[in-house]
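Got some structures for you, see below.
Two complexes come next, and they have one chain in common, chain A, joined by chain B in the first and chain C in the second.
Moving on, here comes the complex of A and B:
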C-alpha cells in the first residue's frame, strides 16, 4: 500500500555525494561545496530558500580545532545561515533537521556530513570515544573492539570466518556498479580467507577503507517537497538508541539498540526491498540483519556499503542517500538505512524510507 | 629553491579529570596493587560504576570489593600491528577478562607473546608495572594463574583524585595545491592570491575557494599582488609572562590590505614603528628577508609567515582615509 503523506511528513527531495577519495588534496570545505552546489542546482533553489542547515563532522580527523566552523563556508556562510552542527556522522545531523522541520515554521533543511580522515590514523582518534577513565588510556580503538566482537560472534556459533568473508565479497562485487566506491571487484571467499589476520579474527579487508568525502541531502515538509520534486522519498520512521559505554555490560553478539531503533522507526511495518547498513567491520552485517529482522528478500548494501568506501562522518548519511536514490529511481518502494556510531555498534540509527505521491 | 616538506605535526591536549568516589578508589587500587569492583545487587561489576546500570541509582564506595588477581578470558582479539596509543609496541591481545569474583568483563591488554597462546576461556592474571601513577595503564595481564608479587606501595601516597590523560593525534598530509603555490611564491618574494571567478575579488592568502560565492578556485585563478598595502586595523600586544612566552616588550599586530587584494593579511608583526605614530590608513611595505625558508607551514594558517620578512616599513606615501578601508577591519 502506497504511503500517503500528511502535512507534517518530511521527504528527501535531493541528494549529492562526492567519491570516497583515498586522499583528497584540497580543503574539506571544497568537498562540501561540491555537494552543496550540486544539491541546490539539481533542486533549482537558492541557499536562501533553505531554512536550516546542519552538518556532522569531526575536528580531530583533520587535526584542526573548529574545522566545523570553516566547513560552514562550504554551505554558504554569507548571508548568515541558521545553522547547527553535530560532532557525529551526518545521519545524526539528519535526525536533528528532521525534528526541526516538524516544528512547522520552516519547510526546507539541508544536511551535510563530511570528513577528511587521510591526514591521521583514525584508530588513533576514535579510541577517544571510549570511556575516558578505564578504556581510552589503553588506546582500545574501534577496530580492536570489532575484533573482540567478531570473535564473540564466532564463539557463539552465530558466524564463521567464511560468513564474514562472504560479506566482503558481496560488498566488493556490488561496488563495481558504484562510481563513488574506493575498492570494488570480484574476489573469492578463499582468496579473502588466505589473507593474514589484522585484528584476528578480522583481516584488513574486513575493515572499511577510510576515505575523504562528503555527502549532503535536502529535506522538505510535504507541500514544499511536492513542489521541489516529482519523486519525494518520505521519511516514515527515524529513531536512534545507544548502549552502555561499559562493554562488559553489553552482549556484543547482538545489537539491542538497533532492535529498539528499528521498532521505533517501524521497520517491520512493511516489506523491506533494500537496506544500506553502516558496516565498518564485515561481521557487523550479520548482527545488524538479525537485529533489524531483515530476510533474504531484502537487498543489503547494493552500493557496496562502507566496506567499499568509508568517508568517515559522511558514511552513515551516505547510507540514507543510497536508499533514497533507489526509491526515487523506482528501483525500490520501501527501504531501511542504518547508521552507527561508537565502537562495536554502540549507537545505532535506523531510518525507514518510502515512496509515495 | 628550497623544497616544501609535507605537513607533519602532533596536535595534543592534556586532559585532567576528577575521578570521583568510585573510579578514584579503583585507580588508587591499581596503583597500590589491587583491583576493585562494585557490588550492585547480586552481581559484581568491574571496572566499577558509580551507579546501578539497571536504574541509575547511586552506588557508593561502601560497595567496593576486591576482585582478581586472576580471571578468565571471555573474548579477545590479537593486535598484529599496535598503534602508537596501545600499551605495547609488540603484538599483543586485547581481551574481555572476567576477574575472579566479578560478574562482568573488563577490557584490558594481555601480553601473551603469540596469538597461539590465546584462546577463549583461558586463564590470565594481572601484572603491575614498576612505575604506577593511578591509571588503568598501571597494569596488564599475562597468561596463567600465578599471583603477582605484592608491588611496593607508598603508604603515604594520597588517593587518586585527579587523572591526567595527554591525548594527541599525529597529522600528516601534503600541502594543499593552492597553499603550496602561495608558499612557493613567498620563497621567491612574491605574494600570490586568487581572483574569484565569481566576483573578481582577490583573496590573499587564499583558502582555495571563494566562501561568499561558494566557488572553488584553481591555479588559473592565481594572481600576484603587491608587497605594499594599507593598515586596516591593529592592536598593541602586552606580553603576559605565561609558560613558554618568549616576548617581553609590547609590540603591534596589524592587518594589512595589500594593493590589488580584497582581503587582508592578518597578524602582521610590527616592531619598529612607535605605537604613538601607528594608525589605520598608514601605508606599509614588506621588507623581505634575504634568505627565506620555512619548515613549519601548514594548510591552516591564514597569515603571512613571519619568517619571510625582516619588518614592514612606512612607504612615505600619505595615509589613506580610514573610512575607505573600514570594510576591512578584520
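Moving on, here comes the complex of A and C:
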C-alpha cells in the first residue's frame, strides 16, 4: 500500500557521497565541501534555505581535539547558521535533524557524516571506546570482540565459516557496480576460506576496509519536500537503542538492541525490498538479518556495504543514502537502513524508508 | 508541532577534583540526583542525551558506549552531543528537542568532564587555536574589547571577585576562595595579558544532569518545574577576514532569535537572573553586550555599578559561574540548570528573590558556537 505522508512527515530530498578513499590526501573539510556543494546544487537551493545543519564525526580519528570545528568550514557558516554536532556516525545526526524538523518551525535540514581514518590506526583509536578501567586494559578492541562474537555464532550453530565467507563474496560482487567502493570483484568462498585467520574465526577480509569519506543528505517537511523533488523518500520510522557495554552480559549471537530499534521503527509493518546494513565484520550480517526479521526476498547491501568500503563516521549515513537512492530511482518501494556503533554491535540505529508522493 | 517541555529534575556532583570516582560513578551520581529530584527512576526515562567536550580530555572514545550501563540507558536510545565549550548547553537543547518533537516524553540528559584524568590545556592547545590554549586565544580579543569600550582595567578584577564570592554560597562550586579580594586578583600572576591567574576558570571534575519532560507528564514530579520557553543556537566560522571577534554576529543572532521566540523585548528588565559562560572575567561585560542585554560599550558599566551582583537588577552567575567551576563538557549545562534552579526557587543561598525568568548560556570554539535557553516558573509569563 502506498505511503500517504502527513504534514509532519519528513522526506529525504537529496543525497551526496564521496568515494570511500583508502587514503585521501586533502583535509576532511574538502570531502565535506564536495558533498555539500553537490547537495545544494542538485536541490537548487542556497545555503540560507537550510534551517538546521547537523554533522557527525570523530575528533580522535584526526588525533586533534575539536577537529570537528574545522569541518564547519565545509558546511558553510556565514552568515551564522543554526547548527549542531554529534560525536557519532552521521546516521545519529539524521536522528536529531529528523526530530528537529518535527517541531514544525523549520522545514529543511542538512545532515553530514565524515571521517578521515587514514592518518591514524583506526583499530587503536576504536580500542579506546572500551571501558577504560576494566575492559580496555585487556586489549579487547572491536576487532578482537568481533572474533569472539563470530566464534559464539558458530558455536551456537547459527553460522558456519562458509556462511561468513559468503557475506564477503556477495559484498564484493555487488560492489562491482558501486563507483564509490574501495574493494570489489569476484572472489570464491573457497579462496576466502583459504586465507589465514586474523581474529579467528575471522580473517582479514571479514573486517571492513577503513576509508576516508563523507556523506550528506537533505531532509524536508512534507510540503517543502514536494517542492524540492519529484521523488521524495519518506522516513517512516527511525529509532536507535544501545545494550550493555559488557559483552559478558549480552547474548552475542543476537542483537537485542537492533530488535528493539526495528520494532520502534516499524520494520515489520511492510515488505522490505532492500536493506543496507552497517556490517564492519562479515558475521554481523547474519546476526542483523535475524534481528531485523529480514527474509530471503530482501536484497542485502546491494552497494557492497561497509565490507566494500568503510568511510568511518559516514558509513551509517551512507547506508541510509544507499537505500534512499534505490527508492528514489524506483528500484525499491520500501527499505531498511541500519547503522551501528561500538564493539560487537553494541548500539544500533534502524531507519525505514518508503516511496510515496 | 512543538510541544512544551520542562525541567523537573536537577542533579550535580561537587566540582572539586574527584580522583577516587570512576567516570561511571561521576555521571551516575548526577543522574540519580536528577531522578530523585523528579521523583522518577531510570524505568521512567525514554531516552538519554549525553554531552562532553573532546573525548581526548579523558582518553575515552565515544564514552556513551561505556557509560550506557551507568546511565540506565540499556535498551534505550542514547544520543551524544559535542559542540566544543558550548556542548553543555547544546546537550540540554538537544534533549529539549527530543521532548518538544513529541517523540520522547521524558529524557535524562547528562554532561561531564573529569579534567583530573587528562590535560585539558594540552587538548585546548591543539588544532585551530594553534598551541596558545583558550586564554591565549581570548586575551587579544579582550584587549580589543577594552580598547573599544574604554573600560577601566578593574572591571575584570571585579567580575573575578564577585563570582568567587557567589561561589561561597554554592556547596557544589570547585573554588571556595574565602579571602578573595581585588588586591589578590590583580596581584595574581599574569597568564595572558590582561588575564590574571585569578581571572581564569579552574580545571574541574564533575557531572551535571537534568530530567526534562513533556507538559502532560510534569505533574508526576512533585517539585516545581522550570518551563523551557525557548532555545537558540548559532555557529559561525572560526576565522575569516573581517570577522568581528568582539561583537560576534553569531552571538547577536543567537540572542535575537531566542528573545524573539520567547517574546522578550527588553532582556535587562524581563530576565531576572542569567548564567553566562564566563571562563575569563572579561567575558561578563563582553556577553552582556554580545547578547543584547547592554548597549554596545555599556556592558562594563553594569558590572561596575553592581547590577550583576546578587541583589543587582541583572544578577549574573549567582552560582559562581565557570570562574568557580569548570568541568568543561558540563559547564554549559550547569548554566542551563542553574537558570532552572533560580526559577524553581531551588538555588539555596544564591537564590535571586522572586526570579521568574532566567537565561542559561554557553559559547565555544573560537567564540563561534553559541547555545542559549530561557526558562521560567510559568509556561506563559506576562512580560508586559
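The rule is short, and it goes like this: the second predicted complex is superposed on the first by the 356 of 357 C-alpha atoms of A that agree within 3 Å, B and C clash if a C-alpha of one lies under 4 Å from a C-alpha of the other, contacts with A are read in each partner's own complex, and residues count from 1 in each chain.
What we mean here is this: a contact is a pair of C-beta atoms (placed from the backbone, for glycine too) under 8 Å apart; a residue touches a chain by one contact, two chains touch by 3 or more.
Note that the coordinates shown come from a computational prediction; the quantities given were computed from them, not determined experimentally.
Novice: Once the shared chain is lined up, is A:200 touching chain B (first), chain C (second), both, or neither of them?
Specialist: First partner only, chain B.
Novice: Return first, second, both or neither, reflecting whether A:66 touches chain B, chain C, both chains, or no partner chain.
Specialist: Only chain C is touched by A:66; chain B is not.
Novice: Under the stated touch criterion, which partner chain does A:140 make contact with: chain B (first), chain C (second), both, or neither?
Specialist: It touches chain B, and chain C stays clear.
Novice: Using the touch definition from the top, say if A:280 reaches chain B (first), chain C (second), both or neither.
Specialist: A:280: touches no partner chain.
Novice: Going by the contact rule set out at the top, does A:78 touch chain B (first), chain C (second), both, or neither?
Specialist: So A:78 meets both chain B and chain C here.
Novice: Just chain B (first), just chain C (second), both, or neither: which does A:25 touch?
Specialist: first
Novice: Output check: A:246 vs chain B and chain C. Expected answer is one of first, second, both, neither. What do you get?
Specialist: In the superposition, A:246 touches chain B and chain C alike.
Novice: Does chain B (first) or chain C (second) touch A:315, or do both, or does neither?
Specialist: In the superposition, A:315 contacts neither chain B nor chain C.
Novice: Identify the partner contact of A:34: answer first if only chain B is touched, second if only chain C is, both if each is, neither if none is.
Specialist: First partner only, chain B.
Novice: Name the residues of chain A shared by its contacts with chain B and its contacts with chain C.
Specialist: On chain A, the overlap between the chain B and chain C contacts is residues 60, 64-65, 70, 73, 77-78, 125, 128, 131-133, 135, 244, 246.
Novice: Can you check the complex and tell me which residues of chain C touch chain A?
Specialist: Contact set of chain C toward chain A: 1-2, 22-24, 53-62, 64-69, 73-84, 90, 93-94, 97-98, 100-103, 123-124, 126-129, 232-238, 240, 249-250, 253-254, 257, 365-366, 368.
Novice: Can you list the chain A residues touching chain B in their complex?
Specialist: Chain A residues touching chain B: 23, 25-27, 29-30, 33-34, 36-37, 47, 60, 62-65, 70, 73-78, 118-121, 123-125, 127-128, 131-141, 144-152, 155, 196-202, 244, 246-249, 252.
Novice: So in the complex, the part of chain B that touches chain A is made up of which residues?
Specialist: Listed in rising order, the residues are 7, 9, 11, 15, 17, 19, 23, 26-27, 45-47, 49, 53, 75-81, 83-87, 94-96, 98, 104-109, 115, 120, 135-137, 163, 165, 167, 169-174, 176-178, 207-209, 211-212, 214-216, 299-300.
Novice: Write out the stretch or stretches of chain A touching chain C in their complex.
Specialist: The contact residues of chain A facing chain C are 8, 58-60, 64-70, 72-73, 77-88, 92, 95-96, 99-100, 102-105, 125-126, 128-133, 135, 239-246, 256-257, 260, 341-343, 346-347.
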